[in-house]
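Heads up, the next two complexes both have subunit A, just with different partners, subunit B and then subunit C.
Let's look at the complex of A and B:
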């Protein structure tokens, strides 16, 4: 292997009495793409944050290019050629895209105290062009943009310092296939330039595909370091969890189940600029998958079906013979919706588990005189915590104290606790580790068995192929092809249609 | 992180106790007489009654500063109708109807026309006060009709107060309206995505706030014995102070609790009443003390919130911890 650019010896970091990192030794080679793998809470993000200067280390040493490296802030890290794209930092919504690229560094475009926006936008555009990223409208505020566009802006921000080491924390999970490929190309280009990348991703197949070396963390400690070409996803999963879990992951049958009673009939669903004349049926006990590239409109389907966008066309819910026009109506008709953006669209992250759990079930819990008895409310939340084994100190714990996987368990569990007929899942495994992923897949199988119709919208093709009975491939807001599980149900076939 | 009481929730309690003790000593015990305690409750009633509707609005992250002018308008109109028709009892339904109508109007403008509640409040505050003044120059001050004089007995008012407060506390803490309102304050998008009828809930709470202003008008007239030129003046500020003094955050959400409006209103009344008992009759000084104290309490609440966050999120251990691999308090990682 080539010379090393970053050396870490005996790194420790604790938050109160809990250790996030213990005696981490880590070496990053020049021109190396290095993956960090581990379950939620295993200390991956903490390690990256320390390298990026967000957290000080309690003890241990780091060196870059053989010189001592002790960053006090992200700016120190930038000065040494290190920058990071964080999992949940995001951009500032009330500022335009171009300003977000140079956030904290707008001073360099200042002339006598006035920032030259034109020059800054030109510089930002240059960054997008240089790295071949899809450019957003730089003058537009970022608050109306999709997660994907925002992620690209963050990426441009990290690249704008022309880093030697790029740290990527769960970037691909927010991207659809075409932009993921762009990112892979960017990483390869980076490597060819002799620069280095550290990547965190929960998608093990992806990690095997793009990295050279993988370090596996468990409970804040390094449990192994392997060359990617000597390993495979199953071995990695075992290292990471410490036990074999590959057995019950995706479905293992090839039998589509599309003959149940029709639950939902969607006809001519259209949203200007997003969806055009989308029609489909969903049956009881069926998992209907949706996939497509970033502008294909798959996420709009979920919103429109749940009555959130005021779309043209009809959404006919057959069990109650209702035409769904609004979200409250969908809620009243045994439908559930798990949106893609968990922290901003699904959960009240500052409120506690109990308040979050009970929200979709308020109508069912109502007693005489509209009473929501505290006992009933608490036992519903307790039930969800127990049934879905949410790791928590209790139902009064605020949501933002939970890890991503446990948040998602509450998010999904509160719907499954209801008497549902239709469940819309938009990227349900985004940002959760394999353990929770496996749990979510088995919950989906269970839901299927009880006759719930599931609409599964996902950016991860393997997931849709692994779980769906039928797959609708979308392009530019239209459904372009339907594939059944017993037909040509392969990644190649689907990608062929998607692009 | 057990289910321990949060520091920020304690600030309003501590403030209340400190104020109570301070003024008890400052007035040489005069504040502890049964007469004074009764006065304290009576003087808090109007703020609490008009405030418990506003609490729903604040829980949603909006604000309703129209209660003062609403009390004046519904009171003046109701009393005039009672006098013109000669039917004293009519003042009750008319006051409630006018209050409710104004609340519905506010709710409609805020939810359907997307006017921020603060801006709307200011416009209404100025506009409606003008209408009230215009009416009052025509008809002057009117007194509670003979047939309704039972309202002016303090026993009746305190009794009615408790009934209304209990119903409102129930609505806020134990029903869908309260729960959905707090959810909207926590995150409006989330609420909408779960299927909460956000627009309808907004109209509902503004309507409720208006209805409670109607009750406020009745209480106000019952206390004074009729309408006055200064009816409801500054009431919206007293209510807002009560809500925030009690520890509800401007953003609403889970921080909104029913007991907080009671606590906040009592604290403010203690300041006003305590100062006058101490012989500080000049209302200007009393007002500046009120304002100053509100500032202190709000600062303490925010400080307590921030401290909590810092302890949880950014706990930064000492930088020069000895390089021992097994610090004594570190839990052993389970070996798989």
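Let's look at the complex of A and C:
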């Protein structure tokens, strides 16, 4: 076994009456990539947050390089060579990318009280170059950047302290295939340099691919630690949820169902700098997949079809013969849209489950005078919570108190509670555990059976290959190839077109 | 495909040139509408002098809003600061004018921020309560036997030079340079903007939010203090009313801030403030020349102008470098 760099003994953390971590023992070896696996709410992020100095431990001990470690803040952790990229932290939109890399430490570029922005940007550029990360425009405000660009800035921020231990909480879920590969290379480089990484990801196959050791948590406790080479995804799933879960939650057929009634006819969809002349049809009961690398424009398709970007071209919704130009019009025509950036674009994060649940259904629920009956609203929200097994204290609980998976259940559930004809899903399983993932795929299959047309946009190739009837591969804002489920529907074939 | 740096710079310069040309054209139109009076130097001097005091408050708003707070008591603070400026000015001359306004402005705004930071009361609620207190205090000073005479006396004319050119312009230029660097190029400025952008992220990145908020109080306090000095120097006297009417005093600086906010996509907000102040007071000046009654009707024009400007400015521009 490699020499340990981080030792944790008997760590406890509780929030009110709820234990987030209980008697955690954990060892991280030098030059080790260590995975933390568990369902949403199992305490993985809390454990990383304690290591990163975001939360104080209630009891227990930590040591780094054999010396006592009790961080009071992330800056304390940074001083000991530990930095973290958090699942939902984000960047400050009103500040440029370069400043975001060194935020909280801008004083090091200050001369006579004035921050040398040029020097700061050069230092930020050096971090991006050193770790071979795609460099954004460092002088540009981050508010207009994609979730992927913002995640890369967060990664650069964590790397800018040249850490000995890097903590990554659900980072890959925000990345497309090319940047995901870059991150894997970075992790490998880190290991080669004798540094250590702790990774949280809900993608078990990915975890098996990139880690050396995996610790599994359940309900805040460590239930097992295994060497990755001695295990497989199915064993890990069982350890994680405490019961047998089959890995084949994707479709097992290879019969494309794309001959039903045409629901949507998209022609010449163009958004300057994002999409160029994109045309396609979607049929009832079909799952149409979109995939591509980070700048391919797949995420712009969902927004444009739902009338959010004022794109050129036509989006013809055939059942009502409507040409969709705006989101309210899309909503009125039985279309639904689940965006990738859950916290910023989909949910009112500080409002409660009840208010979030009712939002897409206000028109259906309002009475003759335009008033909403509180009983109906609560009943709808209760129904969503029950149907999708949302772990919550009640419908009045704020969204920001829920775990990522439970937020997504509400996000998706509120659309499926409606009478939809077309549902656009952009990375629907981002940041959710295997159980929730299976539930989401099952809901998609159910929607397909009832004749709902689904547009599935995803950064995870296995997901679109597993679920779609037809796949549109995009590159540089254009559709470059269409592949049907009964054709060459393999990762190799798709990657060949994407690159 | 994203534009390269050279193209972006070129686009920005094209925008600056067009923007300057449009403003120049509008001023020339104003000149002809007003019967060739608007661009008379004496008239332009008046507009600049009138713009100075609200400019400093609008810069104060840049810091307040950047950190996600608001302060409705600024009007009340300006009234009290102007009193102090007037009384001390008449006693000690120009140093009294400066010290009186600065000290009262700084002290009261800093106290406000101590309350916002440590009480946990939303700043707009606390600000309204404080505005009522400051108005009542000003009213008491105005009617009390001991202070009535002092406050009713106008500031002596020889001590009002800071409200006139070139001094108000010099103060504006100095203020601009200092505010620009603090807002854009200091750690505290960046931390203030981070706080308003996302307080949770800022805290998690080790920014001391309480200390940063107190810095906002300090900076905004100095800016409001300077505006007290300029207000008293320009007007010579300050009117006192109760019933939250002091909030009227911040309406025009607020309008300047809103206008600046609209074009900040293209031009740094600190630079936008004096430009917008000049545009705003040019409009008021023109309306007065055209015989439009000041007050309600002029404010209706102002409201319409902000809406039109907002519509033009809200056309999103991507790929802006700041």
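In this section, the second predicted complex is superposed on the first by the 497 of 499 C-alpha atoms of A that agree within 3 Å, B and C clash if a C-alpha of one lies under 4 Å from a C-alpha of the other, contacts with A are read in each partner's own complex, and residues count from 1 in each chain.
Here is the rule we go by: a residue touches a chain if its C-beta (ideal position, glycine included) is under 8 Å from a C-beta of that chain, and two chains touch if they have at least 3 such contacts.
Treat the numbers as computed from the prediction; the structure is a model and nothing was measured.
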| item | value |
| --- | --- |
| Partners on subunit A (subunit B, subunit C) - clash or fit | clash |
| Touched partner set for A:310, first subunit B, second subunit C, both or neither | neither |
| Partner chain(s) touched by A:137 [first = subunit B, second = subunit C, both, neither] | second |
| First (subunit B), second (subunit C), both or neither touched by A:95 | second |
| Partner chain in contact with A:330 - subunit B first, subunit C second, else both or neither | first |
| Partner chain in contact with A:104 - subunit B first, subunit C second, else both or neither | second |
| Touched subunit A residues, subunit B compared with subunit C | B |
| First (subunit B), second (subunit C), both or neither touched by A:368 | neither |
| Touched partner set for A:221, first subunit B, second subunit C, both or neither | first |
| First (subunit B), second (subunit C), both or neither touched by A:397 | first |
| First (subunit B), second (subunit C), both or neither touched by A:112 | neither |
| Subunit B and subunit C contact sites that coincide on subunit A, given as residue numbers | none |
| Contacting residues of subunit A [partner subunit B, same complex] | 10, 12, 14-19, 22-23, 55-56, 58-60, 218-221, 241-243, 306, 308, 326-332, 337, 339, 344-352, 355, 358-360, 362-363, 366, 369-374, 393-394, 396-397, 401 |
| Residues on subunit A engaged by subunit C in the complex (per definition of touch) | 54, 73-75, 78, 86, 89-96, 99, 103-107, 110, 113-115, 117, 137, 139-141, 144, 157, 273 |
| Complex contact set, residues of subunit C against subunit A | 1-2, 66, 181, 184-187, 190-191, 193-194, 196-198, 200-202, 204-207, 318-322 |
| Parts of subunit B lying in touch with subunit A, wherever the complex brings them together | 1-3, 170, 174-177, 179-180, 182-183, 186-187, 189-197, 200, 253-254, 312, 315-323, 325, 327, 329-331, 333-334, 336 |
